[in-house]
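Here come two complexes built around subunit A, the first alongside subunit B, the second alongside subunit C.
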Partner chain A sequence: MLVTWKYRPRNTFIQRLDPRTRLIFMFSIILALTVPEIWDFRIILPLFFLSLTLYLMARIEWKDVRRVWIFIFILVIFIVGLNGLLSGRGGPSSVTNLPSPVLFNVPIKIPFTDIGWDVPITVSKTWFALTQITRMFTMTLLAIPIPYTIDPNIYGTAFRRMGASDKVSFTMDLAFRFLPTFARDFIITMDAQRARGYEIEKLNGGIPERLRKLAPFIIPVVMQSTVTGEEVIDAMDLRAFGTAPRTWLKQLTYALRDYFILGLGFAIFVACCVLKWGFGFGGYFVPEFFSNWILGL
Partner chain B sequence: MNDKSTWEFGTRQVVYGAIGAALYGVLSWASNFVPLPAAGNVTFRPAVAVLIFFGVAYGPWVGFLAGVIGNTLGDALSGWGFYWNWSLGNGLMGLVAGLAMAAISDFRAQKDIIKAVGWGIAGVAVGMLFASLTEMFVGGIDINTALVGYFTPAFIGNTVVTAILVPILMIAFAAVASRRGR
Partner chain C sequence: MTQPPLLVENLTFKYRTRPELAIENVSFELKQGELLLIAGSSGCGKTTLARCINGLIPRSYRGELSGKALLYGKEISSLEIPEMAQIVGTLLQDPERQIVASNVYNEIAFGPENLGLPHDEIIMRVDQAMKRLNIEYLRERETFNLSGGEKQKVALAGVLTMNPSILLLDEPLASLDPASAHEALQAFRSLADEGKTVILVEHRVEDALQIKPDRLLYMEAGKIKYLGGIDKLPTEIDHTQVKLPAPWVVQRVKTLDKVEETARSHKSAERGEPLVVFEDVDFRYGDDYPLILQNVNLTINRGDLIAVLGPNGAGKSTLVKHAIGLLKPTRGRVLVEGKDTREMSVAQIARVLGYVFQSPTHMLYAPTVTEELEFGPKNLGFTPEDIKISVSESLVTVNLKGFDEYPPLGLSFGQQKRTTIAAVLAMRSKIMVMDEPTAGQDFANYTRFMDALCNTTNGKHSILTENFASTLFITHDLDLAVTYANRVLLFGDKHIVADGKPEDVLKDTEMLLKYRVRPTSLLQLNLDLFAKTGEFLPAESLTKFVS
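Coming up: the complex of A and B.
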């Protein structure tokens, strides 16, 4: 097998959960934070620790996820966090609208001109950047384990049992089956082109030229796949595909633990909506302990 | 454009949706190992040309499924996780490109290639705009970051790939289709 899934069976609580439970729970947390626009650290922090606990319970080895985490850290801390710190935008208007003590100014100057201005870094913007980073990590911690912990063979069944049509679910199932074959075809094509003197590692020229030079690598596999497709269509039509509802080999059933996690996800979503819309709790504010601490530095 | 064959969803769409998704997923994964050109924070993903081509050749449903499932597969294979808004954005990219199908009769004709590339670029704009703007709600970023940090690099990179590789795929496909006779 030339392409391997990141999935590996582990005897963990997370992997014993039904895949539908995992997906529905992740969406519940994303919706709980985004629909009622929760920016209060007293809600975000417990949810962050809940996500972190579930992530650690998945027992994914660090060497498997190291590259992913480096990318996520760069994205969340340097792009999102730094942007929040400088601009204070991307959240509620109270971050920049309410008066807040200035910690220091960052001079920004347009290169080769005298045009420039000072960007004030306030206590409010600093707390907002920290809140936003935590909020994003809360959601990311639930998304990252999915490919490592859900068996690729049950995605089709999971989506069918979540309400997708037979055809859509079968498309997904078929895609998973085709994937190793096409990965093998790509590698064989690359080797065959190398034998003819095509050096994929040494593409030179301008960007259009370098993209054009990728064609000998892409075209043979794509064209062969269109021919394969016709054969598969004939085989499926001969078996009367799509004329009646189909049955699925793999069956999924909810266990008690699934109902518990689903109930927890639903309760978190409802609680966030009720707290925000019913009691006005969950909006953005800078806690006093943070203001005192950072101004005392 | 909205005739039955454009929006038909039968065995052909199921199979080519799956093939498009698998190719898109594999090529996205292979991008990790093939040195690709980049300029600034713009990266060029040749997989996008395959997605646009499948939309143009087999219609909007194939484009949509190939985008949604292919992006999910590519992310899963690379271990990135599951980001529904980017998968849906990729699906929209294929769906809009697929609207060109009814307007294309000859994959070798210059005017049909221009139509395909035009619809492909429109698909890139719609799909990447959707993904970037939904990131405001999912990730809590502001509109400037969404448009400048996410949308612009994705749009430029995918447009260049579409304009260069989709015509090559269409000409190659015309030869294969004429040999196959359907």
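Coming up: the complex of A and C.
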């Protein structure tokens, strides 16, 4: 059986918004940053604060999202940030193409060989890493509150009313519940195998050997997910899902506040496109204050 | 002439992945408003037959199908799914497998929504179904937070809104506490009385007999062994294969003159030293969450055969997870052989206490049953010779000999469950803890392994069972407690409300009913004969005390 995220009703402006508004606004910001390839901190920073404001307005308790934020921090800072800092890739080519003062070199060496090289950390790469992190957080600040603040009963309806087909809408409904279900199965399986003397923390050997030893843990989790998937399909088949155009009982209606937020999202997207493509504003550059500050350190 | 709701003629099916026939030459016919009980052991073909009736075979499960299965004269395989779903409503064994929506109202409305019915029609059907099952109070609840009994009722309401004329109920009582099972059965009976044709596939035959099914279809190895009225059951059905009401068993044993042969008695173990001690234990999942355990004090001693009874969602599993160290108390402490579980790893505790989880799919991973059983002993550092002996004896104990090289995940649910019991058995822990060991099991199989674990069969000791110091099982099956326990814990209201000998705890009918435990015919017969027996006994053993 699929479980849901830790949703609870809160009397907030954010929760009073139509779920479609929330989703469309989030996609507007993501598209505004990615389609015209905005890398200018003067655009990114206001959007970051706008996302942060909306996040805080959702009034989600820290204990509910602590684990998710830890995961996001690791992902964004260590993977995205470190990648930007070391390689400078994943963004505009100007990050690596532009001549930029080298701050220091990071020696990289392939273990058990004599092969190695120095990776230069430049001012440009450093600024790029910071920009990339801010850009990612701007998007995640809008995404994280969604499962905690949108009633799980209206995911499907929201997508259907946005024009998706019955099948796609219900698939999205199920997909939203897949992750918390996976997490639950993960914990139960871990407990079941620990009760058989299995200690994941004591795995040893090389990577292939460790992967092999993870089988008692990975296989039941994957199997459980597969079985759950099959069960859901059977249960839906037995109640005639997908055989006729579906009636969706839940109704959604836009209010004035929804039109305001939708308008804001649309305006941001259009503004970013116009600034970038019309005026050439919004591309990547290293601001002078940052160069001066970091080189003066 | 009016066509019968269901006509099955020489139905045979073989799954693509299995060498043997799952069902063979099955033939029967059902009348409108008839209630048919289908019973049989694990893997006897009951579920396959159910899948042939609801159309999942051949649509979702591929294989070789021959013979006829007609719904109102139409071949099932020729019917479109929406048509099919409005004729046969299926309630699956585990309501968790059936529920797809996240809230009760959406779940009940799911079928009619899929049929594209108008809003008003859907709302009317949902309201009617909720009223019919008295679950209006659940309307806004999240489905995953419901108790087992509530989930089953919601799943049934979801089926009823499709307005089927045939109800196919596949072991609907498996996860229900006795009171919830009783309520569900009453609902099935009244649906049949209202003219719906009801097919009840159920292991809990004695429970199902309470609502007086019109006929019983008993299957063995894919074939019909008996099809007829329930009045002939005491003579037609082997009471060692199907759990019959205690007076029927007594009558049958007397008729067959097997009184001495079938007599069993409890292992009358002396209570020894304490193995697990709960001291003033409170537990909650977080600061904002309600208490699940409150002031629990319990000592499990050597020689205890403990049955834990109580309603769905009372916290029984939470209690035993403290003993294995998977959960730590928020107040108080749990000691395993004198050591605080906070200072021990789960793996260390596993040497003392083996815990069989409720769901087999959370445990099974290995390519063969043998490798699955070797996993625990290997983790605990057994020698290869000891592993071999443990695995072999465990397989015999749970009646899985011959399945050594089968992939565990390819076995039936009942066989998977027995594999998990064997996997923990092979670890030779001192205490065996089982969560609903009989769920999805047929009577013959669970009697076999419970006899071995609780050592009730005189003289038959094994290296595994001799090693056990104590057994604890959580169950909804009161007769399991009557037959195998020498101590009963009644759990409710977050703590142990009664703890004592079965005859002391189970004689208080009022208290049992308060905690959703319904007295059975076996309990009643034992209470009636207690002056003569001096202990609780299985039905066969009571025969010699019945004049």
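Here is the rule we use: the second predicted complex is superposed on the first by the 209 of 297 C-alpha atoms of A that agree within 3 Å, B and C clash if a C-alpha of one lies under 4 Å from a C-alpha of the other, contacts with A are read in each partner's own complex, and residues count from 1 in each chain.
The rule is short, and it goes like this: contacts are C-beta pairs under 8 Å (C-beta built on N, C-alpha and C of every residue); 3 or more make two chains touch, one makes a residue touch a chain.
Being a predicted model, the structure only gives us computed values, none of them experimental.
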Contacts of A:Val232 with subunit B and subunit C, given as first, second, both or neither: both
First, second, both or neither for A:Val168, with subunit B first and subunit C second: first
Partner chain in contact with A:Tyr148 - subunit B first, subunit C second, else both or neither: first
First (subunit B), second (subunit C), both or neither touched by A:Met223: both
When both partners are placed on the shared chain, which of subunit B and subunit C touches more of subunit A: B
Which of subunit B and subunit C A:Phe241 touches, first, second, both or neither: both
Which superposed partner A:Ala215 touches (first subunit B, second subunit C, both, neither): both
Subunit B versus subunit C as contact partner of A:Gly197, first or second or both or neither: second
Subunit B versus subunit C as contact partner of A:Thr189, first or second or both or neither: second
Partner chain in contact with A:Leu249 - subunit B first, subunit C second, else both or neither: second
Residues of subunit A at both interfaces, subunit B in one complex, subunit C in the other: 3, 152, 174, 177, 215, 217-219, 223, 227, 232-233, 236-237, 241-242
Subunit A - residues contacting subunit C, complex: 1-4, 63, 152-153, 174, 177, 185, 188-189, 191-199, 215-220, 223-224, 227, 231-250
Residue numbers on subunit A that touch subunit B, as the complex places them: 3, 5-6, 23, 26-27, 30, 34, 64-65, 67-68, 71, 79-80, 83, 87, 89-91, 132, 135-136, 139-140, 143-148, 152, 167-168, 170-179, 181-183, 186, 200-201, 203, 207-208, 210-212, 214-215, 217-219, 221-223, 225-230, 232-233, 236-237, 241-242
For the subunit B and subunit A complex, residues of the former touching the latter: 9-19, 21-23, 25-27, 29-30, 34-37, 39, 44, 46, 49-50, 53, 57, 65, 69-70, 73, 75-84, 136-145, 149, 160-161, 164-165, 168-169, 172-173, 176-177, 180, 182
Touching residues on subunit C, where the partner in the complex is subunit A: 54, 56, 59-60, 80-82, 84-86, 90, 92, 96-103, 105-106, 109-119, 122-123, 142-144, 158-159, 162, 286, 288, 321, 324, 326, 345-347, 350-351, 354-355, 357, 359, 361-366, 375-376, 379-380, 409, 423-424, 427
